[in-house]
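Right after this note come the structures.
Same chain, two partners: subunit A is paired with subunit B first, then with subunit C.
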Partner chain A sequence: MTRLSPGALRILALLLVLVLVAAFFATQIDNYLNARLFNRISSSVAIVALIATGQTLVILTRNIDLSLGSVVGFVAYATGAIVSAAPEIHPVLLALAALAIGAGFGLLNGLLVAYAGIPSIITTLAAMAIYRSALVEFSGAQSITTEDLPQWLVDFPNTQLFTLAGVQFRAAFVAAVVIVILVHLALLRLRPARALYAVGSNPEAAEMAGIDARRTVLAAFVAAGALAGLAGLFFLARFGNITVVAGLGFELKSIAAAVLGGVSINGGSGSVIGALIGAVLVDLIENSLVRWELVSEFWREAVLGFLILSAVSADALLMRRLTRLRIRREKAAPAPTPKEATS
Partner chain B sequence: MAVPVLALRDVSKSFGATQALSGMTLELFPGEVHAVVGENGAGKSTMIKIMTGVHEPTSGTVEVDGQPVTLSGPRGARTRGISAIYQEPMVFPDLDVAENIFISATDLGLVQRKGLLREKASQLIARIGMGLDPDRVASGLTLAEQQAVEIARALSQDVRVLIMDEPTASLSAHEAGELRRIAKGLAAEGVAVVYISHRLEEIFDIAHRVTVIRDGRHISTRPIAEVTPDGMIAEMVGREVGNYFRKDESHATPEVLLSVRGLSQEDVYEGVSFDIHRGEVLCMAGLIGARRTDVALSLFGIHPATGGTIHWKGQEVRIASPREAMALGLAYVSEDRRKLGLAMPLSIRSNVTLATLGKVLTRWGLLREGRERAVTQGYRERLNIRMADADTPVGKLSGGNQQKVMLAKWLETNPALLIFDEPTRGIDVGAKAEVHDLIRQFVRAGGAALVISSDLPEVLALGDRILVMREGRQMGIVPHEDASQEAIMRLATGQERAAA
Partner chain C sequence: MTRALGPWETFLLAVLVLVYAANAWLSPEFLTLQNQVNLFQLSIEKIIIALVMAFVIINAEIDLSVGSMMGLSACAFAAMVGEAGLPAALACLLCLGIGLAGGVLNGWFVARMGLPSLVVTLSTLIGFRGVARILLEDRSIGRFPDWFNALGQRGLIGPVPLGLLSFVLLFVLLYVVLERGGFGRKTYVIGVSREVAEFAGLNTARHKILIFMASGLVAAYAGLLFAARVGAVRGDVGQGFELDIITMVLLGGVSIFGGSGTLTGVGLAILIVLSLRNGMSLMNVTGHIQTGVVGLLLIASVLVPRLGARLAGRVPA
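== the complex of A and B ==
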C-alpha cells in the first residue's frame, strides 16, 4: 500500500499552503524571506504551538477549552513568582511546577465537563474569567519584570542550539517542536490515546465499546492544562515582563491554529502536527500582514478571520468531495468476496 | 440440562408509568441461535438493553452461568462476554478497521503495534469469513462491512453471547445472507446468538429456537420445528382487538385529492402508487425499515422524490419544500414530536400558531397576543386539550396533549390533506381514541388523511384502505373489508404480495 492516508495528505496540503502564503508575501514585501522572519515567527510559535497542541487534544474529544489563555497567563506569573522567590530553583523543578499548576486547572475543567456534565464551552468560558481574576488577585496587580528573573531563564528562548542553512534554531522553538512530535507519536502509537479519537468520533459507540469516555475527556483537559502551563513558562522566559493581561487571546489563537491545521471541530479527526503547522501559518500571516502596506492595520484582524473561514470551508468542501468519490469508487468496485470460514 | 449462559428471570422494567417489560423470562444456551420476534414496541429493545447492561431491571434477575449478576453498563456486560450489534453499526468513522476492532481491548499493551494489530484483525476477519482490508478507514465501509467490524470487535473479547438487533434491516439480500452465515458459524463455535429480525424467512433459515414477545410479556419459546409462520404471526399480533377501536363507515367521495404514481427516491423506496380521495383515510402499515416515513417526507417536500409523479387535485405538481407542500394544502404531523414536531420549551400558544404566524401578526409585524390566545382557546375546546393555561411550556404536557397541540398547529394551516405519522405512539388508550375521533372528524368535514401507523388495531380502526409497505416497496393496498391483522402482517413480513 503506497496510498497516502488522508491525514498525511492533509499535512502535505497544509505545507503547500504555507509555502504559497510565504511566496505570496515575498512578492509583496521587500526583503521578506530572511532569518529575522524565521526568528520572529519561531519564538512566537514556540508558545502558541504548545497551546494549540493542548487545544487539539481537547477538540479531538468534541470539546473546547477557552480557558487556556488564562492558564498561560496565570502560570507565567506563578512561575515568575516562584523563580524570583527562589532563584536557585532547578530548571526541571520549575518546568514541573508549570506543568503541575496547568494540569491542576485542566483537572478542574475536566471534572466539570466530564463528570458534572456541564458543556465545555460554558465551563471553560467561566473558567477563563475565573482564572484571569485569580491571576489579578494572586499578583495583587503587580507585574513581574525581567530583573526578577535568573539569567538562564531569560537566555533560554534565545539560546542558539544549531544553525541550518544560515537559519538559527533556538532552544524554546526546538523544545516546543520536540514536545509536539512526542505528543504526535503518543497519539499515534499509544493505545489509550486512541480512545481520544474514538470518543470524539462516535461517543455513543465508544460507550457501547466499553471505553470510559469520561476518563478520556478528563485526561484530555488535564493534558491541555499541563501543556498550557508549560507554554506559560515559555511565555515568562520570552517576555520577562508579566502583567495581568499575559496570555490574553491565546485561547482563540490556539483554536484558530488547530482548525487551520485540519483538526475537525466536531472531534475525532486531526493531528497535533497539523496544529503546529496551523500555528506557524497563523503567525506567518499575522507577522506578514504587519509589514504588508496594502492592508491597513485596522483590517489585519479581518484578513486573518477571512483566511480562517476560507480554510475551514475549503476543508469541508474537499472532504465532502473525497467522501463522495470514495463512496462512488466503492460502489463501482465489486462487493468484497467472502472467503470460506477458516475455522 | 445444561446451565444457560445468560438468563433473564421474571424481569420487569418500567419507565415512569410505562411498563416496557413485565415478567420476562429468557434462557440462552451456548451454541444456539435464539430468535426473538415481536411487533414494534413489544419490548425487544428494552430486553436487549437489560441484557447489555444499559438498563437495570426494575425487578427480577439477570443470571450469567446460573449466578445472579448486576451488569454495570455495556462495559460490565462486555467483560462477561455479552456483546450486541445493532441495525446502525457503532463504528468510529475516523479510525481504521484494525483500530476499530481493538479499540477497547485491554491485553495489547500500552504501545500500539500496527503490525500486530493488523495481523490479529486479519485473523478475526478471516474467522468470520470476510475479505476486508484492516487498514481501511471505517468511514468508507459499507453498512455490511461496518457490521462485520462490530462482530469482529465482539469476537476480539471472547464473546459468549452475541445479540444481533435487526442486523439485516438495512442490508441487501446478499449481504444479509453473509451475515446469517457468520451468525451460524459463531453458534457452531459455541456462542449463544440472539437474533432479532422482522424478516420471518430469515428466522426460519437461522434459528434453533424462537421466542415470541408481545406487550412486554413472554408469549412462547419453541424449537423452530414446531413453529409455523402463521402461528408465529398470530402470536405476535395476538391480543384481542379492543373495543376502543371502532371503524365507522367510510366518508370517501369520488373526488381524488392526491394521486401518486411510481414515486421513488433513490436507494430509499420505489414504486409507490396510490390515490387519496376527499373524505378518505388511507393508512400506511409496515414494520420498521419499511420506509413509510420517507414517503411522507417526500410528499411534504422535506426529501423530495427523485422519480414518479404527484398529481394534486388533478394538476401535476412538484413538491420541493415544506413551504410548497403547505401552500398546496398539505400538513405533516411528525412522529418525532421532540425533534420535528414541537418547540418544547415554548408556550402552548406559541406552538399552536408556529406554522401560521402571519395570521396573528398586525400589519406592522407585531404579535397580537389576544388573537393568539383566542386561537389557542378554540383548539383547546375543539380538541379537548387539557392544560392549565396557554402559557404553559408544551414540554410539560402529557404525550397525548402534546399530540393534540401539534395537531392544532397543523389544523390552523387549514390543510386539505393531513399526513399523520404514528399519531398515537406513546400515548395512552383514552387519548388514542380521542385522536382517532379527531381524524375522523377531519375527513368528515371534507379533508383527507394519510395515516402512518405501526399499530395494527389502529390501522384497522381508521383505514378505509390500507397500503402495506415492506423495505421500500409497496406490497399492496387492502380495502378495509378484506383487512385483518394477519393479512397485513403477511404482507408486511413478505410472506405474500398482493396483486397491486
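== the complex of A and C ==
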C-alpha cells in the first residue's frame, strides 16, 4: 500500500480539494485565477492562519480555546490605543506588546485549565465573555479609527515584499506563513513541542514518560494567546476601524480551519500546515461564492458547513478503512500484535 | 438523583436567594409580577433550549447548532408565511419538522458515523445558519397573522404568555423523564460510558439520535416563539445563543464530561442568570459586561467547589 503517512496523505488530499475548488470556480467565474484573487485571499488568510495555528496547538493537547476571537479583538483595540497614544513607538515594540498581551490572556486560560483543572471548554467559554467585556470596559465603547493610526501600520498589510510571476507577496501574509512554517518545524523537531502530541494522544502515558503534562498544556495556551495577539495587531493594521465586536467569531473560524485541515478534535494528531491549508480553503470558498453569479453570496455559510461535515466524514471513513487494511495485513504477517488491532 | 437538594443545588439556591434579595433591595420594580414575567420573556428561547441541552450534555455530547436551528426555523417560518403565503399553522408544523430533520442529521453523524459532536454541530452551526441566510438573505420579514403574534406577546393564562407556560410544562415533563423514567436512567448511563452502556445491551446510537432530535425540535420551537414574540425575523436570529445556553447548563452543575447533573440545578442556574442580568439591566449595566459577569460566575462555579474540596483535604494535590 501507500508509503505516505496518514498525515501527509491528508495534506495531499486537502491540496487536491483546494485545486479542485479553484478549478471549478475558474470555469464559473470570468477572470478568476489571477493575482487579485491571491491578494484578496492572502490578506485575510494572514490573520486567520495565525489564530488557526494557535488553535491547533491547543487542540493537539486535547483542549479547545473558544476565547481566541475575544483575544484578537482586545489586542487589536489595545495596540490601536497604544499606537495612537504614542505614534513614535517602534514597530517591533508594538508587535512585542501584542504578543505579550495575547500571551497574558493565554496564561490565564492555561493556568485555569492545567493547574485549576477546569475543563478547557468551560474556561474558554467563560474567558470569551470575560475578555470581551474587558474590551468593552477598557475601550469605554469608543472605537479606534484609521485616522488614529500611523501610516506605516496602515501600509503594512499591503507592503509588497516580492513579486513572483505577477503575484504579489505581501508582508502580513509572508510573516504569517513564515510563522506557520516555524511552528511546523518546531512540532516536527523540538522535544518540548513534540510533547504536545504526547500529551494529546495519552496524558497518562506522557506523564509516565516524564513529560510535565500540565506545563505542556499551559505552554499551548500561552502560545495560542500570543499568536492570537499578533493576529490582533494584523487585524488592526488591515481594518483600521476597531469596535467592541472586533474579532467576533474567529474562535469558531479557527476551529473550522483546523478541523478541515485534518487536526483531530480528540487531540494528538494533526499539523499546523494542515490548519493553514484549511484556512486557505475556507477563505477561497467564501471569496469565490461571493463572486459566483449562479448563487447569491448568502450561500457561503451553507456550503462551508456542508464542506466541513463532508471533509470530516470522508476523513473518518478513510481512516477506518486504512486501519482495517492495516489490521488485515498484520493478521497475514507472521508476527501479529493484537494490541494494535484495538485502536 | 436524590429526592432532596444536593450540595450544589443548595448552593445555587442560596446564590439565587441572595441575588433576588439584592435586586429587590436595589429596585422596587424587581419583584412586581410584570417584571418577573419580563425577566423570563426576554430570554425565553434560551432557557427553553437549555432544558434539552441538559440532556445532551448529560449524555456526554454537545449541540452547538441550536442557535442556528432557531434562526433557521424562524427564517423558514418567515419565508413560508411572509413571502410564500402559506397558512401560519401549517408553517409552524413544517418548521418543527425541519427541527426534527436537523436533529436526525446531527444525531446520525454523531451516533452512527462516530464523529465528535463538537465537530458535527460546529459544522451544522455554520450550515443551518447558511440555509437561514439563503432563505432570507438580508431581508427582514414581519407581518405575521395577529393570532400568531398574540401568542408570543400577550398573556395566555392571566399574564403568563405561551413561552413561559411552555418553559414550565417542558421543565416538569423533562424532570419526570430524567429523574423517574428509564429514558433518563439510560441518558446518565450512556453519559458515564457509552461502551459500558453498549455492553449492557442498550441501543446507544438510537438514544443519542433521539436526544439530538429533541434538541432540534425544541430549538425550532424556540425559533417560532422568537418570531411570534418579536414579530419580525432576520437571518441572524439566535446567533451566539448556544454559548449562553451552555453556560446556564454548566452553571447548573451538569458535568461537561457527561453522566451527572440534575434538571433542578439547571432550573436554578437559569433563574440565577436571568435575575442577575435583569438586576444589572435595572442598574444600566451593558449587555457585554453582563455576559462577562456570567462568565466569571461560570468559572467560579467550577473553581470554588474544587478549592473547597482541596482545602478540606478530600482531593489530594
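Worth pointing out:
Here, the second predicted complex is superposed on the first by the 330 of 343 C-alpha atoms of A that agree within 3 Å, B and C clash if a C-alpha of one lies under 4 Å from a C-alpha of the other, contacts with A are read in each partner's own complex, and residues count from 1 in each chain.
We take it that a residue touches a chain if its C-beta (ideal position, glycine included) is under 8 Å from a C-beta of that chain, and two chains touch if they have at least 3 such contacts.
Predicted model only: the values in this text are computed from it and were never measured.
Once the two complexes are laid over each other on the shared chain, residue contacts for A:V303 go to subunit C alone; subunit B is not touched. Judged by the touch definition given at the top, the superposed model places A:Q142 against neither subunit B nor subunit C. With both structures placed on the common chain, the touch criterion links A:A209 to subunit B but leaves subunit C unconnected.
Look at A:V259: by the touch rule set out above, it reaches subunit C but stays clear of subunit B.
Of the two partner chains placed by the overlay, neither subunit B nor subunit C lies in contact with A:N34. Contact with neither subunit B nor subunit C is seen for A:Q160 once the two complexes are overlaid on the shared chain. Considering their complex, residues 62, 109, 113-116, 118-120, 122-131, 133-134, 137-138, 235, 243, 246-247, 250, 256-257, 286, 288-296, 298-299, 302-303, 306 of subunit C touch subunit A. By the touch criterion given at the top, residues 1, 5-6, 188-192, 194-195, 197-198, 200-202, 204-212, 268-269, 323, 326-327, 330, 335-343 of subunit A touch subunit B in their complex. Across the complex, subunit A meets subunit C through its residues 64, 66, 112, 116-119, 121-123, 125-130, 132-137, 141, 244, 252, 255-256, 259, 265-266, 296, 298-306, 308-309, 312-313, 316.
Listing the residues of subunit B that touch subunit A in their complex gives 52, 73-75, 78-79, 84, 90-95, 99, 102-105, 108-112, 126-132, 135, 137, 139-140, 142, 145, 153, 174-175, 178, 181, 185, 189.
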